[in-house]
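Paired with chain B in one complex and with chain C in the other, chain A is shared by the two complexes that follow.
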Partner chain A sequence: MNLQEIIVAFFLLVGIFFIITGTVGLLRLPDFYNRIHAPTKATTLGVSSTILGAVIHFYGFPPADGFKELLAILFIFLTAPVGAHMLAKAAYHSKIDLWKDTIVDERAGKRVIGEEKMPSEEKLEKEEEERTPE
Partner chain B sequence: MIEYLALIILIIISLSIALCMIRVYKGPSTPDRVMALDTIAVNVLAFIVILSIVLGTEMFFDAVLVIAVIAFVGTVAISKYLMKGDIIE
Partner chain C sequence: MKISRIIFHIVLALLWCMMHNSFHPATFIIGYLLAWASTSMFMILSKYKPFRMNIWEAIKLFFVFLKEMIVANIQIAYIIISPPMNIRPGLVEYPLDIKNEGAIVLLANMISLTPGTLSVDIAEDRKYIYVHAMVMETPDQLKQKIKDTFERRILKMLGEEAEERRP
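Take a look at the complex of A and B:
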């Protein structure tokens, strides 16, 4: 194994690690808004690493055509966040349910469920007043 | 030597696509399914690139660009349809 093959193998292994991580996250996370993180970030990075490995693998062949794959990497990095953002906006617009343990809905600017789990400030003040006489 | 590693990685990516299909089948809402299909498209990109390593040809590199463009346009179109019920206003 020469140096080129070692570098290609490294990039391919990093790529497949991130791809499988993104897919498992897509399958296991509890909520749509949690789930959209996994393919958008991890899988994009994995595919970019894989393409980089392929470009290095084909470097030195006579046609030397692999450099347009770098364009594909640029395209994926530009379009993945845009697509995910539009999809998340569409999901919020069509009122997909939040996760049951969601605390704050920042877009609506309110606390969703956390009343029981996170006591509000008034409750805390009342408890402090009850404690102080003793 | 690198071809054997590429073959193993091809099998793993096929497994990953199968896992995405589970999400497409289960997914409680439409955006879930759209996102899973987008992930499948991105996995297919990696599949094609590694297949070109296995076969030793650079022929398939154009297909990667085309599939990336089609997946992005499809995701944006379905998102706009979900948001407004209309794609072209």
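Take a look at the complex of A and C:
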């Protein structure tokens, strides 16, 4: 196992880790806005390190060729946030509700849950106790 | 022709070369001509005002952003995987100091790419960005963090000073 293989394995493992995290987040998080977070973010880093691993595997380290693949990373970084922004914007304008435990909503000049009602530490501890038996 | 535009054309031409997987001089010249033609056409057809930027500050901003993105990615991964999910989401109104539309797009994209925050909407008058955050202590702390890490650096890159404006 030489250095190149170690680097390739490292990038692939990091990429797979972040892609799996993104998928798990998509399944576990409570509402639409939180769910957008997981796939867009985790996937940008995950896909880009997978591509880096592929480029190093096929063209050596440092890569002598395969610049087109490196461009793919650039375009993922340019397009992913725009896509996420448009999804969130469309959701907000079609009045999809925020999650019930959302702390603040400063849009439209109103706060759904005011500062004074922010979950105190006691409440958070209580919630944790409630969740642990599961 | 300004030197900054020539640098921009060379960068675009290098992207063209990367797309063709060859750095032959002929490819570079074709790429340069295409870059010149497309940017000139864009300038004539749209009302977009280009912004000057300090290249050294831009490189620094890029590395700060990369570091911030990787750190935040690991934090979010930890929160998603840990069994009791301690998320405190919220939608905050972030006041903008940047006036230039291109720079606003840059900031909104950076907010979206940093895990844990997502730009949901931009106000009609371009004075606020609405940011959805997955984990936050208080809204003010979140705003201060975005201001310190990204907006001040973008303003520095544009060669402007950050004016103090309180929400």
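Basically, the second predicted complex is superposed on the first by the 105 of 134 C-alpha atoms of A that agree within 3 Å, B and C clash if a C-alpha of one lies under 4 Å from a C-alpha of the other, contacts with A are read in each partner's own complex, and residues count from 1 in each chain.
Here is the rule we go by: a contact is a pair of C-beta atoms (placed from the backbone, for glycine too) under 8 Å apart; a residue touches a chain by one contact, two chains touch by 3 or more.
In this text the structure is predicted, and so the values were computed from the model without any measurement.
A.B. asks: Just checking: does A:Leu29 make contact with chain B only, chain C only, both, or neither of them? Give me first, second, both or neither.
C.D. replies: In the superposed model, A:Leu29 contacts chain C only, not chain B.
A.B. asks: Which partner does A:Pro39 reach: the first (chain B), the second (chain C), both, or neither?
C.D. replies: After superposition on chain A, A:Pro39 lies in contact with chain B alone.
A.B. asks: Return first, second, both or neither, reflecting whether A:Val8 touches chain B, chain C, both chains, or no partner chain.
C.D. replies: first
A.B. asks: Applying the document's definition of touch, where does A:Ile51 land relative to chain B and chain C: first, second, both, or neither?
C.D. replies: It touches chain B, and chain C stays clear.
A.B. asks: Touch check for A:Thr102: first (chain B), second (chain C), both, or neither?
C.D. replies: It touches chain C, and chain B stays clear.
A.B. asks: Which partner does A:Ile76 reach: the first (chain B), the second (chain C), both, or neither?
C.D. replies: So A:Ile76 only meets chain B here.
A.B. asks: Could you tell me which stretches of chain A are touched by chain B in one complex and by chain C in the other?
C.D. replies: After superposing on chain A, chain A residues 24, 36, 44, 65-66, 68, 71, 80, 82, 84, 88-89, 93 contact both chain B and chain C.
A.B. asks: Hey, which residues of chain A end up touching chain C in the complex?
C.D. replies: Touch list, chain A to chain C: 17-18, 21, 24-25, 28-31, 33-34, 36-38, 40-42, 44-45, 65-68, 70-71, 77-78, 80-82, 84-85, 88-89, 92-93, 98-99, 101-107, 115, 118-119, 124, 127-128, 131-132.
A.B. asks: Applying the document's contact rule, which stretches of chain B touch chain A when the two form their complex?
C.D. replies: It is residues 1-2, 5-6, 9, 12-13, 15-16, 19-20, 22-23, 29-32, 34-36, 38-39, 42-43, 45-46, 49-50, 52-53, 58, 61-62, 64-65, 68-69, 72, 75-76, 78-80, 82-83 of chain B that touch chain A.
A.B. asks: Please output the residues of chain A touching chain B within their complex, sorted ascending.
C.D. replies: Contacts found on chain A: 1, 5, 8-9, 12-13, 15-16, 19-20, 22-24, 26-27, 32, 35-36, 39, 43-44, 46-47, 50-51, 54, 57-58, 61, 63, 65-66, 68-69, 71-72, 75-76, 79-80, 82-84, 86-91, 93-94, 96.
A.B. asks: In their complex, what parts of chain C are in touch with chain A?
C.D. replies: Spelled out, the residues of chain C in touch with chain A are 15, 17-19, 21, 69-70, 72-73, 76-77, 80-81, 83-93, 108-110, 112-116, 118-121, 130, 132, 134, 136, 138-139.
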